[in-house]
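Structure in structure tokens, see below.
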């Protein structure tokens, strides 16, 4: 049972929610007890892996005790985000859903198309609708990939910003 | 040691070669014995995973014994065939052995390669011969998988489609 | 305006901007760097306010405007390109300054009439965004601070069969037959439309396909009922007519056929 559960998590590119798992195991008697196996996996992990709650589901991560070794494999760290990109992402993450004119108002400067494009290519933002105002501007929000990248369980986990400098 | 090796394979998007592993473990005494661990992993796998040799090194894959379960996660729910595919299948079923130009004649439109491919991927049609006419067109017929899927013992069991003439 | 005497004493590279001395002092190459690092006039203004340790809610507009304009003048003196937004901000600051000199009309809510209010709102919003950006930056990131399990490969899973019933195929065939058909291409119509004949035709083809050699007629005729024999014979004749089978030679021991489109080894 534990192996079957692991096989699902190992093969999945997306976090799997309890609802999704329930749909897969359905009422198949062969997989009764999957919930108990999930609890054990969450509590103890498996070998070098730990199961972590992220973006409304669970996904496998490598246990931090192996990080020094992994750094030798993944020598190319992701490029740091520019200040403009980071601020735009922050506005979308904390104020979502938000239109581009609103983002520009928050930052006090225009937001170049390349900034939005970069965030879209990362898969971190997407259009989720339109505001019913003149021009019907697109409403931007963060995606599940954004939460996965920053290991957030939900948007409520976004850290509180300190401003009173 | 086995865990460290697994951690590397689990976090890597590409296969890892022995040379690459040797570069990572270097002569670090902490990881002496990685080669023996690799042999064991190759021989016995780990939980639901097996380590297989592919171009460029080794990579993990899920043991086929879990495929039925993985299909529930990864394979799309059954959908109806498109009209074009259904018509093509009907012509092959009732007119076999039949060439593609003849199918096109019956349908009155050309039959895209993707239609034939879709039916072939289902395992429902196959080439059974050729006509000795210009271009030597392939003759298509339904397969025994098709018969099995619809529980037919012979083509005579196909429902009679009366034109009512 | 610019204290050129101290210019050599200050290193620009590697120095955080906040370490610049109090008051307006711009070392030779610093201004360009400075303007580059600001995303716009609002940010330059916020930086000036923080550097002067002013209260964002009670901005001494005259002093901030003076410093802000000095930066702009210095930039212009060095022929640096400034976005129009910087000049708009200058105009806004001048307007606020002018309105603050006017006597305040009597109202119930003084704060409502403070000409600085909108500017304060904008600055506070920017300060919040900067804080949020920093907070995001502090989060652990995948591939930098932690690693996820890359999806493990699995071999092709067979696709689930489409939702389809036999009757759908029959219905489709019926529809096709009822359509007006173009007659400009040959279609091999059987005189006898029975599916049994088609079944046998496919079987004969598959049989010939198994082994790349000429087949004698007898080999292809099952020793079954007369009806089956008739059907097989008809199937072979039909396949010959449709040129799906080739008649190789008419010998004493009977016909030999082979599947069309396939090279048959010559017999010595």
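A, B and C are the chain letters, set down in written order, and residue numbers restart from 1 in every chain.
As a working rule, contacts are C-beta pairs under 8 Å (C-beta built on N, C-alpha and C of every residue); 3 or more make two chains touch, one makes a residue touch a chain.
Just so we're on the same page, UniProt names per chain: A, B = SMC-Scp complex subunit ScpB; C = Segregation and condensation protein A.
In this text the structure is predicted, and so the values were computed from the model without any measurement.
Highest inter-chain contact count (C-beta pairs) belongs to B-C. In this view the innermost chain, defined by its CA centroid being closest to the centroid of all protein CA atoms, is C. Chain geometry summary: the mean Cα position of chain A and that of chain C are 17 Å apart. Here the spacing of chain B and chain C, counted between their Cα centres, is 26 Å.
The centroid of the Cα atoms in chain A and the matching centroid in chain B are 31 Å apart. Contact of a single residue of chain C with at least two other chains is seen at positions 147-149, 152, 154.
In chain A, the positions touching at least two other chains are 10-12, 49, 60, 62, 70, 74.
Taken in their complex, chain A has these residues touching chain B: 2-4, 6-8, 10-12, 16, 20, 24, 31, 46-49, 60, 62-63, 66, 69-70, 72-74. Chain C makes touch with chain A in their complex at residues 37, 39-43, 50, 85, 122, 124-144, 146-149, 151-152, 154. Residues 9-13, 49, 59-62, 64, 67, 70, 74, 77-78, 81, 83-84, 86-87, 89-91, 93-94, 105-109, 148-152, 158-163, 165 of chain A are the ones touching chain C in the complex. The touching residues of chain C, counted against chain B in their complex, run 147-150, 152-155, 157-164, 166-179, 181-182, 185-188, 194-196, 198-199, 201-202, 205-206, 208-209, 239, 242-246, 259-262.
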